[in-house]
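Before anything else, here's the structure in question.
Chains: A, B, C and D, in written order; residue numbering restarts at 1 for each.
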Amino acid sequence: MAQMPYIAAIDAGIHQEMRRDPAVLYFGQNLATTENHEFLAAYGADRVRVTPISETAEIGIAVGAAMAGLRPVVELYMAEFMLVAMDQVINEAPRMRYMSGGQVKVPLVLKAGYGFACGWAGQHTGSLAALFMGVPGLKVAVPATAADAKGLMATAIRDDNPVVFLHHYLLTLEQGEVPEGEYLVPFGKAEVRRRGSDVTLVATGWMVSRALAAAEQLAAEGIEAEVIDPRTVAPLDLETLLTSVDKTGRVVLVDQAPRHASVSALIAADIAEHRFKALRAPIVQVTAADTTVPYSEPLEAHVIPDTARIAAAVRQALR
Amino acid sequence: MSLQPPDAAQRIWMLTQMLRIRTFEERVKRTFTDHPGVIRGHTHLADGAEASIVGALSHFRAGDAVLATYRCHGYPLTLGSDPGAMMAEIYGRADGLCKGLGGSMHLTDVRHGFLGTSGIVGAGIPHAAGAAWAAQIRRRGEVVFSFFGDGASKQGAFHETLNIASLWKLPVVFVMENNGYNVVTTTSQEDASAAAGEPLAVKARAHAMPGVTVDGTDPLAVHAVVGEAVERARAGRGPTLVESKVYRLSAHGNIIAPPGVPLHYPEHEAIAVFGKRAEYEAALRGDPVPRWRGVLVQNGMLTPAGADELTARVLEEMERAVSFALASPFPDTACALQYNYA
Amino acid sequence: MAQMPYIAAIDAGIHQEMRRDPAVLYFGQNLATTENHEFLAAYGADRVRVTPISETAEIGIAVGAAMAGLRPVVELYMAEFMLVAMDQVINEAPRMRYMSGGQVKVPLVLKAGYGFACGWAGQHTGSLAALFMGVPGLKVAVPATAADAKGLMATAIRDDNPVVFLHHYLLTLEQGEVPEGEYLVPFGKAEVRRRGSDVTLVATGWMVSRALAAAEQLAAEGIEAEVIDPRTVAPLDLETLLTSVDKTGRVVLVDQAPRHASVSALIAADIAEHRFKALRAPIVQVTAADTTVPYSEPLEAHVIPDTARIAAAVRQALR
Amino acid sequence: MSLQPPDAAQRIWMLTQMLRIRTFEERVKRTFTDHPGVIRGHTHLADGAEASIVGALSHFRAGDAVLATYRCHGYPLTLGSDPGAMMAEIYGRADGLCKGLGGSMHLTDVRHGFLGTSGIVGAGIPHAAGAAWAAQIRRRGEVVFSFFGDGASKQGAFHETLNIASLWKLPVVFVMENNGYNVVTTTSQEDASAAAGEPLAVKARAHAMPGVTVDGTDPLAVHAVVGEAVERARAGRGPTLVESKVYRLSAHGNIIAPPGVPLHYPEHEAIAVFGKRAEYEAALRGDPVPRWRGVLVQNGMLTPAGADELTARVLEEMERAVSFALASPFPDTACALQYNYA
């Protein structure tokens, strides 16, 4: 185990796979512009390249390179920048294999940060996972810890399908224990971050820490929350979630996105369908307010779920 | 192949492929009347572009790759795909090239170098550049052919990709089939260069890339221009934009209508919408397929009888393709859920 | 009242508003390319223009024209074509007013067909409403009848906000009674298409007719389904839905999109949270299979919800 | 204004605006050290581009509109926006130009013709064309100024928009501020034209539009070139692409870091990343603000004392802006849910 920040763990995951497989490419804007760039120096200009501000071409090139046998990892920085290239993300990359009747595969990773709620205002703070989650052919990873950041990135690169890898920008410098050597975290396996039997609390990314903080507060009140982090939302480990609901009978889902743009609504609907009998209270969602994210600090804080709102929602679910 | 003009065998190969494309597509078109309901959705024909396709792909070598659009019947035929499997795909059958999952707009035949197609205008252009990056890394002198229409040059993807391809000297040849129309819009109604009387090849200037305009109804002219571009690409000197001027001889595609309305090919937009019958008839007179046949016969490379025999052989091949496709069963419904993930 | 097809009713709605307000523009690809084009002839080249295949510029131009006081209606044909311009749709148009602190408004309509499941295969058949539904600042209309097509289009044009107007391609030629003269259908008002007290059936677009057909079948079995068509999914008329659930205690939601890309999941989650007490059975969703849409007819039919599956889901909800 | 060279009053107005922009932004930059935590997110400075901004906007008339990017402090200052309200916006306060909802990247001041900004590279370019369509319909000879960076010309939106603007002869002037960098990427690392030694103005050729390159550190040169473009646009002869060559004198923006890490401006990328201190120092020597002051003093249009007084007045104005902004309260949280819908 090594202690390292989340961002370094992602890099470690990319390194692990680039060392292992010469087919892995790494490219994007504003990287590898000098020869001492870490990845460029290690793997050379065939495999590591700076690109212009051309997301459509960048992702489209990744699709083509993947169809031709390579494994591109595209550095996109902020998830919103994918929006200019959304056709490539949801109507090209995940469709090519299917439409060819299985002749091609499209292994690529779109690495993008999200949820940067620290004054980046309306166009740079979105939590966009739900946009990708429902697209057949696409996988979506949302690591919440440094270890998962490494292991999910490595798995994403090894996966034979297009993967949207969404790292949370506010976790960038969070330290965590990360296994050394080859490390892979399986897709579709939720992690129970805290055991509890009174309520199932579901959260991803940065919201995991707020859910855990709320759980600690609640524990002082004698309420034991089970905190589950799905880690990948496509595939979604519904089984682990449902098993927890069987035990607790109560569900609170936390999401940094507005209500109808949230992953939590999609999960809530699944639970409502599959665990009606087990439920002893309404499924409560704690999502961002239905608004563009404001710039000013107190307003931004106001619209995003915090520990107090999560704890209050749990109390409500237990009433 | 090189920059030498094609020899007799190659010229006859060109005619053969042009006839095969034309005849295959005539059978596609006739399916709407001969077998109503058998073809669904949208088909797009290459008639008028055969010389361009064949002239360009005469430079294809094993290891190269081709990427194209929804107007994609001509390329795999030229590359060696089985017309029966192609027709079966267009009919949505189990023996289809793509198992009936893709349809006319999404033909793919990796075994023959036909790597993929996109129905989204412009979207396939960066795919080609990506495949070219792979070729560049392999260092075997392989190239990628990227085919798209004039209208596609109005998509951002076109410019973004040309810039990167030029900057990285990717081994890709961009073949823009300028057929003068984007559906029912003429090129000069949507393109500032065309409106100013300039060729669309001028777009290459924005990306420090050579841009050439060629008569796409003349397979030799296309052979020469694309040949130079391919050589340049194989030598690591980067991409070229080739504007190949053709005229599409059918309407954009069959009519677009919900189920219940029988599909068919309407009259060409030049006539149906713009009332420019003379324009269309001039294009018909310039039809590259009979013209190339005429050239070969005139040059003594083929006798009229030999040409007729070739035509008959191709017709028979394509009739077999139709029969094969009609006889092929529908895919098992379980197949619908396969191939979303590798 | 006049009998006319859905597609003509949309045009009637655009005409109504263009006649009324000289600020309304209508433009897009492959329209108005000759002088006898209906809209061009009526309103002139200042207001009606053919555009190149440049969705990003088309929609971006609409945003700018709207900020400058006009009311653009952009003809986009198929909803998927918006994907190349998704930034303009979800990160520009609906954000500009907010980020300017209310200084500008962005009244525009993005008219796009969707759900064309008749052999258009993987890239042209999507049901994308859920992509837009959660974006604050954006409104989303999904008319299911000719009358709504006219009235919702007119309301969309008059609305001071960006509206995604999604007409269902399979309804194109469906005839319907359409009020003559000025006609507006309010946003955020669901329509109860059929009264019933046993189960609440929710559907939009083409799925409304399948839900109604299922309801007829079920009536023969003595089951009375209440069929509700939200008509706009943003704003969503949750009140009408919840009132119905209060009566029926059972909910089946039908959607042409795959599960996690569906509007129905987002509605299901709201019902699960707000009507737990009223529910007497699991909230059942009938969505498309989780797959890219196949080309071949029997496969396409296989993956999209049909009357039989809807009826079966209702029976399950009643068990 | 016209194509005549600016008179003395205009030249002094230019210096005044350049000083105001520079001084305002120095106060923005100093806020990171003087008042840590007061500015959040990302700010981008115009230092080095003042002459370009002011030279271009010297042609602004009431009724015209300006659209720009996240690097947007210079334009509203020149157009007459209140620096107090601007600073309050950057500080996220209730008296902010956009009520604290937008922040540094999204300044907007409709009253002064500053119609909007986008933080997404290239996204604002079509917005400008849309506003120009509105102007075209109004037929009052109004124009729209579209400001963006060199990097933005690598976005599809740029090309798509230029084509339409040219085709429709929209009254818009596209001012590309080529500062040689996209964050830490040099222009020739990402642009095929630049890599081939060509100016970026060459991109206009793909769209049958005039493209001109101008020294953006010389307000007179910019005044002349943009003046011609504006006249052309007002006369209904269509858009122009102006490549204005500047050098950004600060880093791309303040560092990007999560809460807790104090924000600041790092060293310019030329030094910090590329080790090209000489390049940066040459740019500093060419700093347009002192240079223009020098020119005015040398030409006797301003005495050194007059210039000093002007500088002091501007400094005082911007100090007042800081005090005003610091004193402004945070917006009421209810405000967070307003303005999503009109």
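The rule is short, and it goes like this: a contact is a pair of C-beta atoms (placed from the backbone, for glycine too) under 8 Å apart; a residue touches a chain by one contact, two chains touch by 3 or more.
Just so it is clear, the structure is predicted and the values come from calculations on it, not from any experiment.
Taking the CA centroid of chain B as reference, the farthest chain centroid is that of D. If you average the Cα atoms of chain A and of chain D, the two centres end up 36 Å apart. Chain centres here are Cα averages; for chain C and chain D they lie 40 Å apart. Centre-to-centre spacing of chain B and chain D amounts to 46 Å, using the average Cα coordinate of each chain.
Each of residues 51-52, 54, 56, 80, 83-84, 87, 91, 94, 98-99, 121-123, 136-137, 290-292, 294-295 in chain A touches at least two other chains.
Within chain D, residues 96, 98, 100-102, 106, 118, 120, 123, 154-157, 160, 163-164, 167, 190-191, 340 each touch two or more of the remaining chains.
Because contacts link each chain to all the remaining chains, their graph is best described as complete. Across the complex, chain B meets chain C through its residues 39-42, 89, 92-93, 96, 98, 100-103, 105-106, 118-123, 151-152, 154-157, 182-186, 189-191, 257-261, 273-274, 330-331, 333, 335-337, 340. Note for the complex: chain A touches chain C at residues 56, 80, 83-87, 90-91, 94-95, 98-99, 121-123, 126, 130-131, 133-137, 234, 236, 257-262, 264-266, 268-277, 279, 281-285, 290-292, 294-295. Chain contact summary for the complex, chain C toward chain B: residues 29-30, 33-34, 50-54, 56, 80-81, 83-84, 116, 118-124, 169-173, 289-292, 294-300, 302-303. The residues of chain B lying in touch with chain D in their complex are 154-160, 162-164, 166-167, 190-193, 195-196, 198, 202-203, 205-209. Of all the residues in chain D, the ones that touch chain C in their complex are 65, 67, 96-102, 106, 108-110, 115-116, 118, 120, 123, 125-137, 156-157, 160-161, 163-164, 167-168, 338-342.
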